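Sharing a structure below in structure tokens format, with a few things to ask.
Each chain carries a letter (A, B, C, D, E and F) given by its place in the written order, and its residues are counted from 1.
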Amino acid sequence: PLDWLCLAPHPDDAEIGAGGTLIRLAQAGKKVGILELSRGEKGTQGTPEVRVQECARAAQIMGLSWRGQLGLVDGEIMDTAKAAHRLAATLRAVRPTVLVVPHFKDRHPDHFGAYHLSKRAVHLAQLQKAYVGGEPHRVSRVLLYQGNADITPTLLVDVEGVQEVWAAAILAHESQFAGAAISETVTPEIVERRRARQGYWGTLGRVRYAEAFEAETALLVDPEAL
Amino acid sequence: PLDWLCLAPHPDDAEIGAGGTLIRLAQAGKKVGILELSRGEKGTQGTPEVRVQECARAAQIMGLSWRGQLGLVDGEIMDTAKAAHRLAATLRAVRPTVLVVPHFKDRHPDHFGAYHLSKRAVHLAQLQKAYVGGEPHRVSRVLLYQGNADITPTLLVDVEGVQEVWAAAILAHESQFAGAAISETVTPEIVERRRARQGYWGTLGRVRYAEAFEAETALLVDPEAL
Amino acid sequence: PLDWLCLAPHPDDAEIGAGGTLIRLAQAGKKVGILELSRGEKGTQGTPEVRVQECARAAQIMGLSWRGQLGLVDGEIMDTAKAAHRLAATLRAVRPTVLVVPHFKDRHPDHFGAYHLSKRAVHLAQLQKAYVGGEPHRVSRVLLYQGNADITPTLLVDVEGVQEVWAAAILAHESQFAGAAISETVTPEIVERRRARQGYWGTLGRVRYAEAFEAETALLVDPEAL
Amino acid sequence: PLDWLCLAPHPDDAEIGAGGTLIRLAQAGKKVGILELSRGEKGTQGTPEVRVQECARAAQIMGLSWRGQLGLVDGEIMDTAKAAHRLAATLRAVRPTVLVVPHFKDRHPDHFGAYHLSKRAVHLAQLQKAYVGGEPHRVSRVLLYQGNADITPTLLVDVEGVQEVWAAAILAHESQFAGAAISETVTPEIVERRRARQGYWGTLGRVRYAEAFEAETALLVDPEAL
Amino acid sequence: PLDWLCLAPHPDDAEIGAGGTLIRLAQAGKKVGILELSRGEKGTQGTPEVRVQECARAAQIMGLSWRGQLGLVDGEIMDTAKAAHRLAATLRAVRPTVLVVPHFKDRHPDHFGAYHLSKRAVHLAQLQKAYVGGEPHRVSRVLLYQGNADITPTLLVDVEGVQEVWAAAILAHESQFAGAAISETVTPEIVERRRARQGYWGTLGRVRYAEAFEAETALLVDPEAL
Amino acid sequence: PLDWLCLAPHPDDAEIGAGGTLIRLAQAGKKVGILELSRGEKGTQGTPEVRVQECARAAQIMGLSWRGQLGLVDGEIMDTAKAAHRLAATLRAVRPTVLVVPHFKDRHPDHFGAYHLSKRAVHLAQLQKAYVGGEPHRVSRVLLYQGNADITPTLLVDVEGVQEVWAAAILAHESQFAGAAISETVTPEIVERRRARQGYWGTLGRVRYAEAFEAETALLVDPEAL
């Protein structure tokens, strides 16, 4: 079973939005995984074949325990019964304690689509009579990570100590970031721009660099850890 | 220095609103304190003298490391420069890491007054040139606890294991809860009614009983503890 | 025509979330109905056949004027044109003044699915040229009831006087609540846990037990009734 | 005892913001009052002496059971202990069930000042040991009415049937509305402009004209009245 | 390329909700267009054939540079991959800088459906590898206009100077507004009622009549223009 | 009369939070001013005398048309009638069209104190009978700038082109930023850290660096400028 699983609508989303945190966890010995929902085949640059290799490299750099591919159609990720059953089956197979999903405010339809899809899948995964293979599994916490929209985070994670590994993991997606600038997120300046974001959250958390997460419901915590 | 300090506008507010959590922390070896802001002299029942003794009993039951009295006027707790300097001096003296304060949505003017007062005091306590005795001190986290309004909590704390101690700590305030029912909060049914509240938050946190807290800004957390 | 109609994604949802209010209304002579959207066939315990009988018993206990079954697939309740036409046809047939629907914040996909579905159906029911049988009907008010998420209610209803009837109506769903605890909502402790919730809202409304409802838009009211 | 009391920072505020509702209630036999907090002596037009007579006329037109003047300084209405004690004493004297106060979002400092002041006074009025003359009194409901800011109402009241009386009550404040236009609210077009507002809320409530109110906490209601 | 494009779920929605602003822009020489998403064939009055002619008249009155019809099914406008591809192709063809869409809070399912559909289409239109004809196009700004729900606008536009043209454009939809009153929006009083709304927003913007728009994300502006 | 006036609780707040925008406006020929509310005498570093000279240098670098000092007590800036009259008199004297004020969510009591103070002063400045010298003046727009809290901006301003001037203006406050790091905002890294913030907002506005502002009410805009 995984400690943390991060859903990535496209192959590089998890590295960009939650990579520092995932690396910190992996370095601390936690079992961390990324599930890519699509192969990113609609992306302007790169091919699915090349991206598979890039993902493998990034996984190695990050120290992931698991990396999977759900094979949904890029650009059409949404909450359907069929996709939810596939996602639920994967949740049952890898059994994550914490699930990290894209934010519903993201502009990209695959991002908010993945958010909505994850809600149905999390429910199905725990339902004994769902037509989903494997043993029922209940995810303990769901956290939302930041894509391309401003969010109102409830949690910040200090990622200063993993800056270099994080940059390397992103740049492993060479087909996306070594070529021409296609958009605000597909650009050779990706690390510099996302580091500015981490610097912003760091300012608010009184550390140098931080990643931001949002929990939609109150989190049960151990007060001694605060 | 204290690990946690809870501000109580009146002598029994901390026990009622955050008592279970404070007890859990004390039992785990943390240094926990309560600062009463007033003597509750406007309360229909009890006298300041009697309430001092009740507070001492409750402190013992809860295992507090410190209990103080700021001596503001009951019914007139608000954000003034003078009160803020007194509160800041106490913060410097007891040096809490986590500060727990009443919620700004509470109906009682002393509760939202205490909330606003605490913001100024927290700032003054860390300012080197403030006219406040003692060494500057920066509180790491501020959490809001629930009084008599519905809140939107960010954190829940499981308090099932300390139900009996918690009830005893509240009932130590005998002048308030052994007599006639004066209001929704000054009533012999206080434990039963506040336990319903804990049962409600428990339902949402998937435990039996929980206390709810709200953080106004994103909390820097160790992801391994989630 | 019904005065109130409550939509239940699964056979026991209305009793659990809005039962006290529905009973109060029925006892006051109002015509009250429940429409089950699915047979709850994905539930771990109980069979559709058994549950039909349990529903009949609960209806009798509550004093319902009408109870119906829409026959959607459990676990797949969502906003589709087809389901909306079926629901709209039922709305035209039973013609409720007040419609009570699940909350969009509920975790269960069938609950937020039912919420979204109800918006389309309410619209279709009033449209003369919709391909829906029966005479057009306009619902006057839509209220949301609480499922398994924290809500921000606009209305509270005192349900102290119907506690026993309410408990009996829930426990009529014997297949769900007489067996093992399956989840936080499918458990023999259901009445105790939901009563804690009513106690919480009661604390805020200054009564013993209350049910909470949310209106998404401003309610036209008779000021004399306030 | 009054059924409804409306707080007016300046002599004509209640008529403009909540007049239709107050008239409807008075016509239905309810005891309705207005408490002016200041004499409006900072207003560009009119003198306190003239305005007293205008207020008396408006009261007659509206059918008020009571109209009072608290005598605070125009332009300096805020939450102070002294003003709160005076307001609390009046609340104890007239004993309203429903209290209607200005909205905290209003631009005018006297309006949001009155809102904050009312919270302290409502609390003091019910406190047995407060240094306030008269018997303790608990207000049952507090509603906010609209001044010069956009609000998010929870309640709408149909005021189509009292349009003429309402216009007459406003225009009784002749010193304000018969002269030159001083501002958006002190203008001969006052009725026309506020009627547009009522038309807007009417559109949302599916009536011709409505006044809007906001409740800050969930309202305990009789479901039969919905 | 168009400067502004407004999406209308039904033929007259743009005129009613954003007409004044569109007319102001057209009169100032901007290229303004309306895209009708459906023919309004479910409307109680009028036929698609008649409405085509009415639309042409309204376009002439408003001074539109372009008016199109997407041909989706009235009553079934929602976010589907197929509809999004068609809308994206139109966005590529007419290449608007500012896109104005219905509000997600509107009661009418076609309105919030159009909102959700537009998010996917805006994304597809800019994606090089989307299966959409034409050159990729990025919309610069998306604004939401008001339908039948209360909104919280971020922008107001003064429309006093175009009142007569605006009324004429609405009344060009003769089949809807010259007959019997069908609903709050299909009524001969449409201009009077929507003018009340403009009067309301005008009150808040300190002009006579204004239309209200909401931007979901922060707008990049030239500070000199403020 | 000034086009823009920015209120700075302490001498360097305007440069840090809104400097880029103020510089852009000054370079475009607008008349821009800064009003310091206090001399920053509670700051750990620097003396009021030294800071006067630093302010003069920064004003020159930014191209300000006016820079003033209100002389309130550092650490005690709050909404009092006396301070409001002084601020109102200055508003009447310099007559700004746009007023930029600190954000109410800022942690520093002088920041949210300045926000609340400005609301009263803006009102007094326009009131003919206020006991304030000078001719009445109405501010057209009030914008909030970011201090040390996360905000939800409505407007972004591109400040890439003035990066060097902006850095020079901040560093002119040598006593604050050339010495030891005192806090997150009093640190030699100030430019680097605030540039990260601008980079964050830039990411959201699709430019390199942006400053963020919040308007509390809908802004009347010229649609042609969008």
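Going forward, a residue touches a chain if its C-beta (ideal position, glycine included) is under 8 Å from a C-beta of that chain, and two chains touch if they have at least 3 such contacts.
Note that the coordinates shown come from a computational prediction; the quantities given were computed from them, not determined experimentally.
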Using the touch definition up top, find the fewest steps from chain A to chain D. 2
Equivalent interface to A-F, which of A-C, A-B or D-E, with over half of contact pairs matching by residue number? D-E
How many angstrom between the C-alpha centroids of chain E and chain B? 53
In whole angstrom, how far does the Cα centroid of chain A sit from the Cα centroid of chain E? 36
For chain F, give me the residues that contact two or more of the other chains. 149-150, 153, 204, 206, 217-218
Taking touching chains as linked, do they make an open path (line), a single closed cycle (ring), a hub with spokes (star), an all-linked set (complete), or other? other
State which pairs of chains touch, listing all of them. A-B, A-C, A-E, A-F, B-C, B-D, B-F, C-D, C-E, D-E, D-F, E-F
Spell out the part of chain F that touches chain A in their complex, as residue ranges. 148-150, 152-153, 184, 193, 195-200, 202-204, 206
Counting only contacts in the complex, chain A reaches chain C at residues 79, 81, 84, 119-120, 123-124, 126-130, 217-218
Touch list for chain E against partner chain C, complex: 41-44, 75-76, 78, 107-109, 112, 149-150, 182-183
Using the touch rule from the top, collect the residues of chain C that touch chain D in their complex. 4, 21, 24-25, 28, 30, 98, 141, 143, 153-158, 201, 204-207, 210, 212, 215, 217-226
